[in-house]
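Next up is a structure, given as structure tokens.
Each chain gets a letter, A, B, C and D, in the order it is written, and its residues are counted from 1.
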Amino acid sequence: MNPPAIQKLINLFSKFPTIGPRTASRFVFYLLKLPQKELNEFLNSIINLKKSIKICSFCFNPFESLGNSDETLCPICRNKSRNRTLLCIIEKEIDLISIEKTKKYKGLYFILGGTIDFKKNNKKIRTSSFNPELRIGELKKRIKNPESFGIKNANFKEIIIATNPTPEGEATTLLVERELNPLGVKITRLGRGLPTGGELEYADEETLESAFEGRK
Amino acid sequence: MNPPAIQKLINLFSKFPTIGPRTASRFVFYLLKLPQKELNEFLNSIINLKKSIKICSFCFNPFESLGNSDETLCPICRNKSRNRTLLCIIEKEIDLISIEKTKKYKGLYFILGGTIDFKKNNKKIRTSSFNPELRIGELKKRIKNPESFGIKNANFKEIIIATNPTPEGEATTLLVERELNPLGVKITRLGRGLPTGGELEYADEETLESAFEGRK
Amino acid sequence: MNPPAIQKLINLFSKFPTIGPRTASRFVFYLLKLPQKELNEFLNSIINLKKSIKICSFCFNPFESLGNSDETLCPICRNKSRNRTLLCIIEKEIDLISIEKTKKYKGLYFILGGTIDFKKNNKKIRTSSFNPELRIGELKKRIKNPESFGIKNANFKEIIIATNPTPEGEATTLLVERELNPLGVKITRLGRGLPTGGELEYADEETLESAFEGRK
Amino acid sequence: MNPPAIQKLINLFSKFPTIGPRTASRFVFYLLKLPQKELNEFLNSIINLKKSIKICSFCFNPFESLGNSDETLCPICRNKSRNRTLLCIIEKEIDLISIEKTKKYKGLYFILGGTIDFKKNNKKIRTSSFNPELRIGELKKRIKNPESFGIKNANFKEIIIATNPTPEGEATTLLVERELNPLGVKITRLGRGLPTGGELEYADEETLESAFEGRK
């Protein structure tokens, strides 16, 4: 029913995270109504995004490159006051922002790029068949030799696997642990328990068990 | 915390309908990860949207102009088998799609472009101060003289005001009625009542009253 | 895990409408903590309910019998200013309360006692196998001869079937219509359409179609 | 609008946890329709509840007294294989059921009877004005001298305060800690962190901080 030029863009917006065809079509009507000047601002912002944003050569965090176009490290990896004995492995960029907001973690990060994809992997965790976008190889190289990726004086003594406690995240933790174990570095996981505002009455057994084990 | 090029685009996506800053930032990370080829496809689709989509000179519905660049009417307005004695006034483009899906309405449309905005208007309905984007003047001209906007042999005998039964939509109906009354054309409104799956127990009094009045 | 006396009451509360085992167990702990005086008040209220509440001999609406223990009609059926040419058939008691709140309907009611139960009926509507709690036979007798049920000077000229526009309610309407047709009384249904606050964009096709058909 | 006998019971059901007037009225219509035999079963179950259920003299957990009417301890407190050096303080009965389901905690319990009530206490935590139903005095007596409440060979070495991590629960923890500190027993709290299925992206800062601190 929609003209092809509209339908094409609806299809592309439908691939955006959390967006279905109905919201996608509202986006298209929103863009159709947008004055040309604002539409250009939007288009230029997207073009500028790819131009001015680099991906950190160590942690894969996106950062603005500014004038100094030789910089390959993001501000966190560049910052010499960060603790270079701690490395926190996270699923995606936005998790880094959440952790930084707490202002409590002072080590470095590594963005894994996702989790094991159960649909593709038939629920078996095989190195050979896991989500090929996971940066497991890149992770091992960076732990073994951080200096060759631009991080001087780093010596990781603890690797914190901070994937989500979802089934996919847990499976990913198991895979990462298995891959990192031969390196002989201490590996930890985030503490599990009741979240702020949680209630014992509605907590699942695993969470409650973790809460008892982690009491202090 | 975000680099300015990222924050700028988060701000622009936050203006999209239904989108807040959190989803907006997910959009930006999605675009950052998108291969250059797919990003170009996305950008070209937006550029193409404005190029290939025209706004119908009669009803303001967007349509694809194809090769015949002189066409100013959308396929519905062009279609000689549509009933040119009926005109349905709707708030926005997507309402037209919903109504067309029923395949029961065979008249023409007019897209008003929104509703009265209570926040700006202090809940008073003054022609001089209502949402200036509402196409009230354009509507009156098209009802008086459809031929001068490309619709031949039209003679509107019923104007259906099909705004939403929300407070803003109801106020807009009152305004449109007041403006159209001097034209002497019959004006109707959509029937109110219980929707499919609705329950008397949870219906508001106004809906229930309409359901009783509209019984048949 | 629960003591039997507690589990028994949890099971009974779980049969209450909308209540699952978790809320049922909260009810039991609430009763366990209730002072004996308040518990007695609760028990007496339930015992008093059955004692002092009669079911109207005409419409099946519950009403308080007070001292005059011979009264068999509820206040609505007793009220001579109600319009005794109109009869509104509803699914359940609470629908009557919703309709009375509108203060627009002035006729009598008949409480059908439920709807066709698809699970039991294999989605076929047979008089012989429908929900035996539906008071179809009682309804027909009351329409034919209201005086023998205590309603004087009644002469029904319109029967409004006001079941919910849900699949079960619609099927019940079809059944009731088929049963009442031979009586030769005019039968109407509640008007369908957009409810207060509804939006065309999210309306189903049937509702939108009804809204167009019912325009005025 | 409802008869008084119905309205009275609606009011009493509206005091039940989680129940508002609308659901309360559905309960009353449910009871009105219930056959007398089933209504008697319901009433007898409530009467039987108070008769056959005792409150444990040590932990305040309700339990069935059966024939042995001298028993004053619940099955958990009676069970000699439970660890009598551990005492877990919980807000309410249902929390005990949740913890028992994990089958990991083997100590005793104490049901505090609620939390500090902010509305009544003007958000100040004063012993003199806190929720008088909190069994703080009873708790202290039981920790000092468990034997006088029927628990032999108990010697509490750790008190786990397992209130909910809600504002009310946290304030209650502070109060209980202050009251128990002079007893010189080790006091612990449940571990905080991400629950099963939780996501870093949506976790609050406090939960994330606890998850990092509690890593292992």
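Definition applied: a contact is a pair of C-beta atoms (placed from the backbone, for glycine too) under 8 Å apart; a residue touches a chain by one contact, two chains touch by 3 or more.
Model, not experiment: these values are computed from the prediction.
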If a chain touches chain A and chain B alike, it appears here: none
Taking each chain's C-alpha mean as its centre, the one farthest from chain C: A
Equivalent interface positions on chain A and chain D, same or different at half: same
Between chain C and chain B, distance of the C-alpha-averaged centres to the nearest whole Å: 40
Distance between chain centroids, defined by C-alpha means - chain A, chain C (Å): 54
Where chain B touches two or more other chains at once, by residue number: 92, 94, 101
Chain C contact footprint on chain B (complex, rising order): 90-92, 94-95, 98-99, 101-102, 104-105, 160, 162, 164-166, 188-201, 203-216
Footprint of chain C on chain D - complex, ascending: 1-6, 8-9, 12, 16-18, 23, 25-32, 36, 39, 41-43, 45-50, 52-53, 55, 62-64, 92-94, 97, 100-101
